[in-house]
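Shared between the two complexes below is chain A, which pairs with chain B and chain C, respectively.
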Partner chain A sequence: MSDWVEACGADDIDEEDVMRFDHDGRTFAIYRSPDDEYFATDGLCTHEKVHLADGLVMDDIIECPKHNGRFNYKTGAARGAPVCVNLRTYPVKRDAGKILIQIG
Partner chain B sequence: MAKGMLIIGAGECGGRAALALRDLGYDGPVTLVGDEPHLPYERPPLSKDALAGDAPVIKAIASEEILAERSIRHIHSVQAAAIDRAAHVVRLSDGSALPYDKLLLATGSLPRRLPMPGLGPRCVYLRTFNDALAIRAHLSPGNRIAIVGGGFIGLELAAAARRLGAVVTVIEAQPRILMRGVPAEIAKIIHQMHEAEGVNILCGDAIAAIAADGAEVRIALAGGQDIVADLVVIGIGAVPVTGLAAEAGLTIDNGIAVDAELRTSDPDIFAAGDCCSFPLAVYGGRRVRLEAWRNAQEQGALAASNMLGAGEAHSAVPWFWSDQYGLTLQISGLSDEGSKVVRRDLDDGAFILFHLAQDGRLVAASGIGPGNSVAREIRLAEMLIAKRAKPAAEALGSQTIKLKSLLAA
Partner chain C sequence: MEATLSAMPSRRDYSLLGRDAKRAVETGLAAAEWYHTEVPRKQMKELMQRSDGPAIRDTIIWLCALVLSGAGGAWFWGTWWCVPFFFVYGVLYGSSTDSRWHECGHGTAFRTQWMNDAVYQIACFMIMRNPVTWRWSHTRHHTDTIIVGRDPEIAVMRPPDLLRVVLNFFGIVDAWHAMTDMVRNAAGIISPAEKTFIPEQEQPKAIRIARIWTAIYAATIALALYSGSFLPLMLVGLPRLYGAWHHVMTGLLQHGGLAENVIDHRLNSRTVHMNPISRFIYWNMNYHVEHHMFPMVPYHALPRLHELIKHDLPAPTPSIVAGYREMVPAFLRQLRNEDYFLKRELPPTAKPYRDEFHNDNAAVATAAE
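Up next, the complex of A and B:
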């Protein structure tokens, strides 16, 4: 279960921003926090299956672009209406300027 | 013993308020009364995705299990008949009576009726899930659908009907579609998109007469044209449901009048969502009534908090969206507060119009583009509006300057 996949370059994402990553028929969202750490979650909002990568990152929160459902992208925790189901998160590592996620 | 919290209206606003009362730790009785047979559900899909599939499905705000788990009593299929303010009791249409400590009126709005004779069973309105089911049954290839009103409900319905192959005509009395609240530049793009998808849009023409003719309906326009349809859907706006409040002697002013804390003229009765008018702090307390999903949700939560004594004033910026074909429109703020417009182009033909007041304050932003391409910028604009920011017009118009950087300034 060490299926690490290269998602993007470390510089492809601005600080406090998010990027979409599609792999093997699945879609993920990769985040770079304001303090320069990287995180990954499922790519679609648990409310209406909208791509979260079109949303806004503020501190440790990603806001869904459609209905403003909020999640903590570091833990996947849903943070208020209309979302009530948490997001799945994935381990991330940074290696030689690349961002890898373990999609398992 | 506590009489508890009673909510009349089990839509987005009432449903969210009930959940919010529990989120806030209230452990007394919570009762939610609705006149529909369904669980509290989201209405936005009714003119969009709910019509797309073969069998529309309800998008519930809370399942039976969640309501049970959170001890929210949901009484459905009944109407509230009267409020006895002195006794703190609401009487229902089935003869029962419910006591309350605090009451929330989340009665919503109903479609504005077309004041014309000749409307038979094939002239319908869209408000409820059952309305959507009835309309869906007519959306089939070649079936002729006439839509009266080029507002959001009508246009979203037109898009859904086209997707299902129906022949669609939209009749709008105003000189253009989306006159209320949408800039002409954006309305034009939506208009063109509908025409490209095969919708016949007739603007600036009034309806002279409507008559049922067998299984058909014939609409005679003042300009001389006749439109024959298998189904007519009327979407000419909504009126707040205020009868219960008015009969109880509460102040009505374009809806149930509430203060910044959503309290009516009776301190134990609150109102929220489509049914109320309230002072909008971000525009100096201008009294408005909003018919929008997010407003219903936010005000439901705020009312819950204030029913528990929080004393919190409403501070949100209005926001709404519409989906038609692959296009999404989002608007935050009220564009009629602005006197100057600055355009910012984004990728894929998407763009944002920033509306600035005389003094340079950003008061609204309207965006349109494919998918969710305008969402992030509109959300940032909303934050700037909430901050009463006066960003430089050049910065707003420049693609190379990030809106987020203006927020920090």
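Up next, the complex of A and C:
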């Protein structure tokens, strides 16, 4: 089992927004949902490797900034063309004001 | 605006399976990282926000005007009074659907996705663009904007086929291709070029839509024959011809006469100030540099985006007429020298073009000779 990695402070992300987190040569996207829950996925769109952190969070959807492809960031499911491949998700926990993700 | 010549004259191969397509991949032009003006995240988030209100308002106006003008045309059919009604109906059917298709395809017009999908399907039918094929071709257009051999939506290839351009003001070439593509797709055939940008799992959807459309057109033709009147075709199908002029007029300005094979939208796209009626028909796609740079921004927020980033963009073309005054001579010159293009000049406040995006030092020297 991989270690938990500190990604950011809980207040670093606005509600209904996303933030980029780079670690060990990889890039992730950390989300804060409208109901103040945190989630994490791979940081690049599965369509054309664009950073999702530049995209738009709407409810439980992250929309890619390049082609408007949509994913459910809670499950990673592809939800709209042109994305066809799901995003990988990662466990997230909040601890003492920090957001940690478990990188597999 | 400064006229210049490219440094590498060559015959172009616009085929998606051809020499230039392969070269674009080899040289890194395909799926490249494009220039973006820096916009603070907070402001970009505000600009990207979706709302249903503006598009619902505009769609109600559009549909009401469509129904009223179509009804008027039908009512006065057989008299000259039908002409102004069909003039309006044609533009609403054969031109305003270009922007509705486009914006709803991006999913930015409405916040509610089913509304985007519904208007997208209606507009695609009217503009005669298979909703599956064109969703994917437009994705490629945004990935590889005006990259020769990669972009399937280059309206005017070099050297320009001006006869084709003129005919398309009446939708003739586009509609012919749309009909032949529809019949081919309805027969279950996806072309090799289409296969380069439509994922395999999406291809059956393109075929299904083509079959539905073929049935609708067949029914319309049958009704015209049965009734012995052109009227059914004046309402369904033909408006794509007699009403196409406005979307061609505005659409050619998007990239016409500008650079190819660059990865900075300031060089290959044109923002044009337009009158309010054209902007309603065109859903603000006259802010075309802004749209390509930030496709997440809905049409109704593009004027605000323009104000925010105009310091970093070429000065907008002041009018449709001004756009044609620079574009048409460029097309004519490309007949003699297909490497000629219009280079957009940046204001002093802008970040300069980067050499890796567009190294034209040699070209400027050539033009100065």
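Note that the second predicted complex is superposed on the first by the 103 of 104 C-alpha atoms of A that agree within 3 Å, B and C clash if a C-alpha of one lies under 4 Å from a C-alpha of the other, contacts with A are read in each partner's own complex, and residues count from 1 in each chain.
Operating definition for what follows: contacts are C-beta pairs under 8 Å (C-beta built on N, C-alpha and C of every residue); 3 or more make two chains touch, one makes a residue touch a chain.
Small disclaimer: the values here were computed from a predicted structure and weren't measured.
In the superposition on chain A, A:51 makes contact with chain B only, while chain C stays out of contact range.
Touch criterion met: A:81 reaches chain B and chain C at once.
With both structures placed on the common chain, the touch criterion links A:70 to chain C but leaves chain B unconnected. Under the contact criterion defined above, the residues of chain A that touch both chain B in one complex and chain C in the other are 54-56, 63, 65-68, 81-82. Here chain A touches chain C in the complex through residues 17, 48, 54-56, 58, 63, 65-68, 70, 80-82, 84, going by the rule given at the top. Residues 16, 50-51, 54-56, 63, 65-68, 81-82 of chain A are the ones touching chain B in the complex. Within the complex formed with chain A, the chain B residues making contact are 16, 19, 42, 61, 293-294, 297, 301, 319, 321, 371-373, 375-376, 379-380, 404.
Chain C meets chain A in the complex at residues 31, 44-45, 48-50, 106-108, 111, 113, 135-136, 139, 142-143, 199, 201-202, 294-296.
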